[in-house]
Amino acid sequence: MLSIKESAGETLSMRAPALETSDIQATVLRPRPKPYCGEYVVLRIGNAEQGREMLRRVLPHIAPADEWWAPSALGWLGIAFTFEGLKALGVPQASLDSFPIEFRQGMAARAAILHDFGANAPANWEYPFGTPDVHVALAIYAKGNQDLQEVLEIARKSHHDLPQIAVVYRMAFGELPEGRNPFGFKDGLHNPHVEGSGPAATTREEPSIKPGEFVMGYPDERGETANVPIPLELRRNGTFVAIRKFYMDVAAFRKYLRAQASSPEEEELLAAKMVGRWRSGAPLVLTPDHDDPSLGGDANRNNNFRYADDKKGLKCPFSAHIRRVNPRDALKDDVVATNLHHFLRRGTNYGSPLPDGVLEDDGAERGGVFLLIGAHLQRQFEFVQSQWVTDGNFISHGTEQDPLIGNNDGEGVFTIPKVPVRRRLQGLPSFVSVRGGEYCFMPGLRALRWIADLKPMMEADDVRSR
Amino acid sequence: MLSIKESAGETLSMRAPALETSDIQATVLRPRPKPYCGEYVVLRIGNAEQGREMLRRVLPHIAPADEWWAPSALGWLGIAFTFEGLKALGVPQASLDSFPIEFRQGMAARAAILHDFGANAPANWEYPFGTPDVHVALAIYAKGNQDLQEVLEIARKSHHDLPQIAVVYRMAFGELPEGRNPFGFKDGLHNPHVEGSGPAATTREEPSIKPGEFVMGYPDERGETANVPIPLELRRNGTFVAIRKFYMDVAAFRKYLRAQASSPEEEELLAAKMVGRWRSGAPLVLTPDHDDPSLGGDANRNNNFRYADDKKGLKCPFSAHIRRVNPRDALKDDVVATNLHHFLRRGTNYGSPLPDGVLEDDGAERGGVFLLIGAHLQRQFEFVQSQWVTDGNFISHGTEQDPLIGNNDGEGVFTIPKVPVRRRLQGLPSFVSVRGGEYCFMPGLRALRWIADLKPMMEADDVRSR
Amino acid sequence: MTTQTPTRPESDQAVEKKIARVRELYATGPEVGKTALETLIRELKSGSSRREPATRMSSAGRVGSRQGKVSELLFIVPFAPGGAERLRALLELRNGDFSDTDRVGTVHDMRFVFLDNDTKLLFATAYDGEWDPYIGDFAATIPDGLDVLFSACEGWPGIRNPEVKDWIAKYQIPAVGWYVAHPDLTVRDIQRLKRIGKAAEEFLDKIQ
Amino acid sequence: MTTQTPTRPESDQAVEKKIARVRELYATGPEVGKTALETLIRELKSGSSRREPATRMSSAGRVGSRQGKVSELLFIVPFAPGGAERLRALLELRNGDFSDTDRVGTVHDMRFVFLDNDTKLLFATAYDGEWDPYIGDFAATIPDGLDVLFSACEGWPGIRNPEVKDWIAKYQIPAVGWYVAHPDLTVRDIQRLKRIGKAAEEFLDKIQ
C-alpha cells in the first residue's frame, strides 16, 4: 500500500542541499533564451503504453537545468502533465490520490477561487483548455525558427507512429521587438532568486528563496520538504506549473490611456503607474517621474529595489501590477508571510504587435502565455491570484483589482496615491482575458524515466512510499 | 404566601378606565402651581410604628389629583418612599421583594447604568442622597411663602413628638423671574398628555399616552397592567419617582457661549440649538432663526410640533436637549418604540439667579430638582438617561451626549447640522452636576392608608395577592 | 467623554501573579503550548499591545462579555418538538435576509447553529451595548421577527412576555474570551462612516 | 467589479414552494410562531428587504457560511486534560488583549466559550473571506498566538502541521442562519473608513 506518511526527519529543516540541477527541468530554473521563438504542443494520450513509449522517446531531449543552453542543443524541450495525463499514463491510483487537491481538480474547477468569472470563465476558454483532453504539455524554446523546426520534428517523431497519441493543440510564440510584451513593456524581470540554483544574476535587495518553494525534494521556506505526491521517485526534483494563456487587448489599453490623459507624457505616466515600471523596465520606485532606459536595461539594477521608501505608494501605487504580484517588503507589518507566496514566471508572447499609435483593434489574437511555477499551487499561484490580483483588501483598497490583469468589467477602479489628492481612475475594462489554463506537474528527469518505465497493472506495493 | 402571579385577565388590554384621580397624588398628574414656592423635606424613620403614626397624621393633607388646587387648600403636599423607607415602615417582606429590581437597588447603585461618573458619582452627592438614611420624601408646593409655612407646620406636627422620626434634609425652592430656569430658559413645557387624566391643555400633535405608563392599575402602552408590587392595594394608583437634584453652572454656560460665538445674537442661537427651544420656550422647529416670545408663551402652540419637517436636524439639532429627551416622531423609522420611554417631569428651581451678564461664578448653589415620574423606571427614566442623554448612538452621533445635561468632562462635542457644513462645538464641560438622587415609590391615597394601617408583625397571608 | 467606567490598569504585581499561574498550568500541557506561551508572555510584557485599557474585556450587563461598545450573547437551548425542522425551513426561506434586524441597528452579526443532531439551537450574536434596555422596544416593534425564530425553542415565552429576559439569561453562556476588531464602533457608527467615506471619495473624485 | 459569483434571484415558484413548506411546519408549532410567520411572509413578499442578492448567505469555502465579504466559523471541540484550566487562565491573563489578531487584520470578532462543565471549547469567529489561503501565513507569522490558545484542545496538531485544516473542518459546525450588519465591509475597509471619517471630521472642523 502507498501511504502519505513519511519519516518525520524529512519534514524538519535542514541545511539546504545543492540543487540537483541535472535532474530538474530547465524550464523550472532557467530564463528563456534571448532572442526566442517556440511552440506549445498539447497531446492527448488514448493508450497508456503508447503514452509511455512517447515519453521514452522524448525523454533524452528534455533539457535539464544544468546544461540548459549547451551550445550543442538545438532548442530546449520541457514537458509537463495534467492530472488527466498522469492517469492516462497509468500512474498508480495511490500515487494519483496523493497529489494535492487543486492539481487533481484542475484549474477550470478552481474558477471560483481564481475569480475566473465572466469573459474569463472556463466556459469561454479555447479548446482544449479546461477539458479532459489536455494530457501532456510540451514547451519548446529555440533561438531561431530553424532550430525550432528541428526540435518540433523530434517531438513529432516521438509519437507520429503511435495512433493513440493525438496532437490537440499547437500554438507558436515568439519575441516581440525590443523584448517587449504586447502592451509595450519589457517583461520577465522580477523572478525571485532560488537559493542554490547558481549565483544570482544581480546583487539583490530581496533575499533568496529556499528551493523547496519551487522544486520538491528540498526544504521550503517553512523548513518542510514535500512528502506528496508519492513515491519519492516521482516527486523528487519535480514541481507544478500553472499555465495561463492571456489575450491582451492592446487597443483598449491605449484607448483607455488616451481618454484619461491630456498628453502623451501623461499617458506614459498612467501606464507606468498601472504596471509599476516604465516601458523600458525601469521601476517607478527608482525613477518615479520619467523613464530611464539605461536603468530598465540594466539587469543588475532593474530588479534591485524595495518599497521601504515608498510606504505611501506615491512613487509606485499600492495597486500597481508589479507591487501586487510581488509586494517585496511592502506588507511586512501584516500577518502575511510574503515568502510563502512566490513563484517563478516564465512568460512568452504570441501574436503580432499592434503597430505603434493604432487605437483601433485589428481583430488579431495577441497576448502571452505564462508558466507560473512552484511546488505549492495553493499558497503560491492561487493565493496571489485570489488575494492580490483580484482583490484589494490586502492593501485596504476594498474590491479594487490589478489594473492590468484583474478581472475588471468596465467598472474597475485604480487608485494612484498622490499629494494633496489621490487620483482614481474609474471605469476600467479588462485589458486581458483568460483564453485558457491548466495545472500541470513537471517532473524531474529521473521521475520522467520512472513514469516511462511504469508497467501495466503495476502492483501498488512496488511504489510504496520511499 | 404572597405571589406575583395574578389573574391573566389583568395583563390583557382593556378599555381605558377613567382614572381614579381622587386616589392619585396630585404631584403625579398636575403641574405645579404658578407662581410657586416650596420645600423638599426628607425624613428618616427609626421606628415603624412611629413612621406609620406620622403617615396617619399627614395623610389627610396629601393632595389628590382631582382637587389639587382647590381654593380651600393652602398648599399641596406630596409624599413618596424609598425602598429603605418602605422597609422602615414595616411593609411585609413579600411585598418588598415584589418591587422592581431598580427600585430595590436605589438610584445610587444604578450609577453605571445612569452614567453617573466623575463629578456626578454618588460618592460626590450631598448627604443624605444615596445613603440608607433617605426614607420619606415630602414635596410641598404653595403659591406663596405664608401658605408654605402653614403646610410646613402641618408636616412638622406630623412627627414633632415622634422621637424616632428625624428630618435629615430640607431644601427650599422657588420660582425664578419670568418662570425661567437658572440658565434663563422657560421650562416645564413638554410633558406628555396622560390619557384619561382630563382634557389636554392644548391641541397636540403628539398622541396621548396610556395612563398605565404613569400610574399603576391601568393598561399601559403595551396593553399590560402592572402586577407588581403586591398587593394590589399597595400599587393601585401608585407610581415611581426618580428624584434628581442638579447644580447648574450658569457662569460656565455663559462663558462657553461667549467663547464660541462672535455676537450676542450668535450666543442666543447656540444656546437655543443646545436646548432645542429659545429662551421664551418657542421651539426651534417652529421658529428656527429667532426667538418668538408670543409663541413661547402660548401653551396651545409651544408644545404642538413634530420633527417630520426637520429630518436633517437643520432647525433643531438631533443632539439638542429637548429632541433627545423626547424625540417625538424623530425615531419612527427605528426599532425604538418611543411611546415606551415617556415619563412626567415635575421640575422646580432653587437658588438665586446669577444676575444677567455676569460671567464669573459667584459660588452660590443654584439649579433644579426634578421629579421624573413613571410606572416603569427601567424603560422610562433609566432608558432615556442611558440611551438618549448620555450616548449618541441612537442618532448616529457616536458618544456625543446631551449638551446641557450630559455627563461631559470638558471633551464633549455638540453637533449642529448646517448646510453646507455642519458646525461642531468642541470641549463642552458639564453645565450641570448631579447633587443627588433617589428612586421613590409614590403610592395612591388608599395605598398610603394601607401602609399607615399595617400592623406590627403582620401575617403575610393577610396581604396575599389580590 | 465620560461614557465608560475607566478600567484601572492592573498592577504589575497582579499581572506577574497571573503569569506565574499560567506558566504553572501550561507546564503540564503539550510542548507546543508551552513554547508559544513564553512568546506570548514576552509580547504582553513588552507592551506591544495596541489596545487602550478602555477596550479590555468587561461585562455586558447581566450576562455576557463586552469589548468597548460591542457585546456578545450566546445561548444554547433545546429545540421544541419539531422546532429544528421549522427553524431550518424558515432560515432557508429567509436565505440570510434579516431586514428586521437591519432596522434594529445595533446587531453586528448573528448566527444560528444546530447542535447534537438537531436537538439544540446555538444562537450567538455580537451587538452594541446592552440588549436589556431595548427588549421592550423589540417586543413592541418587531415581535414577530423574534417569535418566528425563537418559538422553535423549548419554553420560549414569547418576546412580549416580561419573563423573556430570564429565559435568555437561563440559557446564556458568557464567553471566557471575547475579541472585537473595532470595539470603538457601533453598527450605526460604521453606517455613518460608510456615508462619510462615500461622500469623501466623491469629493476627492471631483477635486482630483 | 466581478468579485463574486452573482447569486441568481430565486424564482417566484421556488419561493412559493418554500413558503408552503414553512407554513406546513409551523402549523403544528406554537401559536406565537404561527402568527409571527404570517407577518414575516408578508414582509418577505412585499420585498421590503433592503438587501441585494449579492449579500445573501453563501458558502465560506470548505465549511461555514458567508454574507458578502464576511464569513463565520464555529467549532466545538473537547478540551485536552487540563486544557480548560490552562485556557481560562490564559484568557484571563490576556484580558481581551489580542494584538496578534489585530495584526491578522481580517478577524471581526472571536469568542471562546466553555461548555458542558469545562469539557468542551466552543470557538466562534466572524472573519473576512476565507481563512484557508492564510493559514500558512498564520503558521509562519503568529504560530504561537494560535498554539497557545488551541493547544488546550484535544488533538490540536499544531498550527504548523498541514493537517490543521482537517482538524478544524472535523469539528466545525456550519451555521444554518448567518446575518451580518455590514456584509460589504472587511475589517480593513472599516479601518480605512475610520481614517477617512477622522480626516473628514477634522476637515469639516476647519472649514466650519
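For clarity, chains are labelled A, B, C and D in written order, and residue numbers in each chain start from 1.
FYI, a contact is a pair of C-beta atoms (placed from the backbone, for glycine too) under 8 Å apart; a residue touches a chain by one contact, two chains touch by 3 or more.
Note that this is a predicted model, so its numbers are computed, not measured.
Peer 1: Most contacts: which chain pair?
Peer 2: C-D
Peer 1: Report the chain whose mean Cα position is at the greatest distance from that of chain D.
Peer 2: B
Peer 1: Roughly how far is chain A from chain C, centre to centre by C-alpha average, rounded to an integer in Å?
Peer 2: A distance of 44 Å separates the two centres.
Peer 1: Mind checking the centre-to-centre distance between chain A and chain D? Centres are C-alpha means, answer in whole Å.
Peer 2: So the centroids are 34 Å from each other.
Peer 1: Name the residues of chain C that each touch 2 or more other chains.
Peer 2: Where chain C meets two or more other chains at a single residue, that happens at 100, 191-192.
Peer 1: Do you know which chain B residues sit against two or more other chains?
Peer 2: There are none in chain B.
Peer 1: Classify the chain contact graph as line, ring, star, complete or other.
Peer 2: Looks like something else, not a line, ring, star or complete graph.
Peer 1: Could you please write down every pair of chains that are in touch?
Peer 2: A-C, A-D, B-C, B-D, C-D
Peer 1: Quick check: in the complex, which residue numbers of chain A touch chain C?
Peer 2: 418, 421-424, 426
Peer 1: In their complex, what parts of chain C are in touch with chain B?
Peer 2: It comes out as residues 1-3, 5, 69, 100, 103-106, 128-129, 133-134, 136-142, 160, 186, 188-189, 191-192.
Peer 1: In the complex of these two chains, what residues of chain C are touching chain D?
Peer 2: Touching chain D: residues 10, 15, 18-19, 21-22, 25-26, 28-30, 32-33, 35-37, 39-40, 43-44, 48-51, 55-57, 65, 67, 70, 72, 74, 76, 80, 82-83, 85-102, 107-115, 122, 124, 126, 143-148, 151-152, 156, 158, 173-182, 185, 187, 190-194, 196-197, 199-200 of chain C.
Peer 1: In their complex, what parts of chain B are in touch with chain C?
Peer 2: 112, 115, 117-118, 221-222, 333-337, 339-340, 378-379, 382-383, 386-387, 390-391, 393-394, 396, 398-401, 406-409, 411-413
Peer 1: Which bits of chain C are touching chain A when the two form their complex?
Peer 2: 201, 204-205, 207-208
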